[in-house]
C-alpha cells in the first residue's frame, strides 16, 4: 500500500515542481510579440513565395507592423479584400494594388521554333543558360526546363509536354513574380489583371533583326513596326527589333493582333480560360 | 548528316570510361581467387552459400528498387552482386539457407535500400548483414567447419579457428598452441574460417588486382595492415607467451578480406587520402582491441562498422588541400 | 629522360591525336571573311573601316582602343561589305565585319609586311618597341583563352619577372596544332622566345613539351644544344598540364596563389608556342595576326589535318577541306574535347582562339544518364586545384552559394577532370560552372556595395 502512496506523492511532487518552473519561465523569459503580426500572417497566403522581397510571409508581416502601414509594400499574391483587411489590422486605409498576372514573352513551341540541337546537360534553365542558347536557334526564348514551374508556389506554371514551353494559368496565377525572378532569361513579365479581363502582349523576346529572328522561330517578333503604326493609343513601341505593349496605355482594341504578320502578339481572356 | 541532331552541352565532352559497373566487375574478379581457394577447401558448401547469398541479394535489390524505392532498377551496376559475394565470404560454409536469405535481406534492405540505394548508405551493407547474423544466429556464425570436407554442408564437423588461440592465449583458457595452423597453412588457406577469408595469398592477389587497376588506392588497406602489424609486433615482443606473432595476426580471421575489400568500399570510406589513413589506423586499432580483449572472436566487421559511422566526421576534418596550399 | 609534372590531381585521357604526323597544309583563301569584333578577352575592338572600303591583306580593320583589347586585321584582300551581326559560339549574335574577296585582282598585301621565309634572328628593338609591335599586330593568347598578349607582357608594378615558360604542352586530346607548328617552325619559335625574353627582361626560359611529342622534344633539344638560357622541359603526359598554374608548378615548382594573383606574381610569364610564333612574325616581319594553325579532326573524319588558315573563314569550309562531316557525328566542337565548346551553327567564323575543330562521333560524345554519387572520391583525386567537386556540385544543386564560395569555387579552372572521370556520369562541371557564375555575381555586388 505504501508503495502506491509513495509513488503518487513523488509523481505529484514532480508535477508541481515542473509546473512552477514552467510558470516562472513563461513569466520571466517571455518574448513580447505584437499580436498584430500573427493576425496579419493569418491573412497572408502563407506560400512564402518571396515575391514581396521578404524571406517569407511572417517576415512581411513583421515588417508591415514595424512600419505601421503597407506603404511601399505589396503582396501580389493577396486579393484586394485581403489587403484591405491587413490595412485594417494596422489601422490604415488600404492602398489600392492592382492585381497582376504573369505572362511568358515567348511562344516558341516545338512547332513554331524547331530544335536544331539536342541539349545534354543538367536540365535546368539556369544551368542551360550558361551553356548558351538552348536547343533552338533563338537565344532569347524559353528553355522549357521549368525553373519557373519549380518556383511557382501556386501551381500556376507548368511545362506543357506538347509545346515544350512554360504555360501560365491566369486563374491560378497570383502575380507574386517568383517565376519572373527564377527565369534566367527574364522573359516572364507581370502585367495588370484589370477588367475587362483580356490583355494583349508580345509573346516574343527576340532582339535580333527580323531575318535572323524569323529564321529561328515562326512566331518571332521581327520588329516590322506595323503594330506600332496601327495602334491608336501609342501604346506600342519597337526598340531593338522588338515590339513592346505598354499595358497602361493599351485599351484592348485588338487591332495589333490582326496586324501582326508573324502572330507574335497574343491575348488572353480570363472568361474563356 | 542531319545537322539538327547535333548535341550540345558544356565541356568536357569525353568521358574516361570509368563507370560503376566496371569497378564492381573488377572487385568481383579480384574476389575470384579467394573463391577458388574456398571451393578447393570447403567443396560444394562454399558454392551453395555463395550462390544463395548472391542470388538473394540480387533478388532483394530488384524487389526493393521496384516496390520500396520505386526508382529505376540499379541492378545493372553490379553492386548487389558484390554485396552478395562479400556477405557470403564472411559466413562459415555451414550456414543453413534460411539464415543466409535473412542475412541478405537485412544487408540489402536495412544496409542499403532504406537509405535510398547505392551511394547513400552510411554502413557497408554486407557487414550490416553479417553483424545482424552474428547476433541473431551466434552458434552457427561462430562454428567453422574444418577444411577438406568436400561434400559436407550444414553437417560438417567444426573446429577452432586461429583466432580462438589468439584469444585463448591472452585470456588464459588453456589452449594447445601446437594445434595452431602453420604459417604456410594460413598462407595457402588450409585453416578453418569464413568462406572468403582463409587464404592470404588469394586475398593479396585480389588486392594487387584492385591496386593495379586503380580501383582503390593503397591508403586504406596498407594503413589497417600496418597498424595491426605494429600493435601485434609490439605486444609480441613485450610478452611472447601471451601474444601471438604478428604474421599470424595479419593472416588469420577476416583482416585481409576486410581491409582489402570491405573497408575500401567507396561509399562508406573517407574522400581524401589523409582521411583514409586515419580511418585505416582506427580500424586496425579497434580490430586489435576486440581481437585481444573483446568477447567476440573477430573484431574486423565491428571495427569497420564503427569507423563507417565516423566517416562524415573524418570527411569534415580532412579536407582536400587546395592547390595554392600544396 | 626525366619527365616532370604538376603535383596535384590531373587525369590521363586517351590521346586520339590522329593528326600528329600530318604536316601543316594551307587551305584556300575564303571568298568572304567574317571578323567578330570581340574575339579576345576584354572590350570589343572598334571598327575603323566603312562598308565599301578597300582593304589589303593585313590592313587594320578594327582597333582595340581600351587597355584590355586587341586590334583586328583583314586576312584577305577585298572590300568591306557590311558591319553586321554574325553568329558566335554561344548561339547568340555579335557584331562583326564582313569582307568580300576581290577575285579579279591578284592578292595584295600591306607593303610593310615582309613575306620572305628567311629567318630573321637579330632584333635590335627596345622592349617598349617590341611590345608596341605586338600590340599593333593584335596578338592574343592563341592557346584558346585569347588574353591580349601586350597586356600580359606588361606585368603589374612590384612583380619581378625572372622566367618565361613557353607552353608546348597541348594536353587536350585530338589537337595537334601546336605540335605541328613546333615541328615546322622550331627556328622561328626559338627566335620568338629570344625576342620575348628581351621584351620581358628575363634571363631564363623553358619550353614545356609533353612526353607524347618525342619528336618535338628531340628537335628542340637539338636546336638548343648550345643554348644555355633556354631549356626544354619534357613533361609527363597528364591533363591539364597546359593550364597556366599547372605548367608553372610542373616546370618550376612554384605555385600561383589564388586570384587576384597572376603568374607574374611568382615571376613567370607563360605563353603558348603559337603565340610566340605570332610574336616572331609580328616583330621581325611586321606581319599582324591574320592566320593560324588549326587542327580539324575526329574519329571518323575522312582527312584529319592540320591546316594553316586565314582568320574569318567559316568553320564549314574548314570541315569541308578535311573531308566533310561524317555520318556518325554527334558533336562538333570548337576547341578540344575537354574544354571546347559545341557548335550548332557552322557558319561561325574561325577566330584567333580557334585551335581546333573536333567532330566527335555520337558514341563518344553522348552523355550517359546520371546515377547516384557513390562517393568514390575520384573527382577529389582528379581535381588539379585540390577542390572537392562533389561538394561544390551539391552546393550548386541546393543553391547554397555560401558553401560554394567557402569551398573555393572561384578557383576552379573548369578543366573538366572531375566530370570526365566520374563513374556515375554526374554533370559535376555543369553545376560548378553555374555556381561559379552565381557566386561571381554575388562577389561583384558585394564589392560594389563596399
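Which chain is which? They are A, B and C, in the order written, and residues in each are numbered from 1.
We take it that contacts are C-beta pairs under 8 Å (C-beta built on N, C-alpha and C of every residue); 3 or more make two chains touch, one makes a residue touch a chain.
Quick caveat: nothing in here was measured; it's all calculated off a predicted structure.
Peer 1: Look at the interfaces A-B and B-C and say which one is made up of more C-beta pairs in contact.
Peer 2: Greater number of contacting C-beta pairs: B-C.
Peer 1: Give the label of the chain whose average Cα location is farthest from that of chain B.
Peer 2: When every chain centre is compared against chain B, the largest gap points to A.
Peer 1: Averaged over CA atoms, how far is the centre of chain A from the centre of chain C? Could you give it in whole Å?
Peer 2: Here the centre of chain C sits 43 Å away from the centre of chain A.
Peer 1: Report, in whole Å, the distance between the mean C-alpha point of chain A and the mean C-alpha point of chain B.
Peer 2: So the centre of chain A lies 54 Å away from the centre of chain B.
Peer 1: In whole angstrom, how far does the Cα centroid of chain B sit from the Cα centroid of chain C?
Peer 2: Once rounded, the distance between the two centres reads 48 Å.
Peer 1: Using the touch definition from the top, which residues of chain B touch two or more other chains?
Peer 2: 3, 5-10, in rising order.
Peer 1: Which positions in chain C are in touch with at least two other chains?
Peer 2: 341-342, 344, 366-367, 430, 433
Peer 1: Which positions in chain A are in touch with at least two other chains?
Peer 2: 116-117, 120-121, 130-132
Peer 1: Which bits of chain A are touching chain B when the two form their complex?
Peer 2: Residue list for chain A touching chain B: 114-121, 130-132, 135.
Peer 1: For a test of understanding, state which residues of chain C touch chain A in their complex under the given definition.
Peer 2: 85, 89-93, 341-342, 344-345, 366-367, 427, 430-431, 433-434, 437
Peer 1: Can you tell me which positions in chain B touch chain A when the two form their complex?
Peer 2: Counting only chain B, the residues touching chain A are 3-10.
Peer 1: Help me check something: in the complex, which residues belonging to chain B touch chain C?
Peer 2: 1, 3, 5-16, 18-20, 22-23, 74, 77, 116-120, 217, 266-267, 270-272, 319-326
Peer 1: Okay, in this complex, where on chain A does chain C touch?
Peer 2: Per the touch definition, chain A meets chain C at residues 116-117, 120-122, 126-127, 130-134, 137, 139, 208-209, 212.
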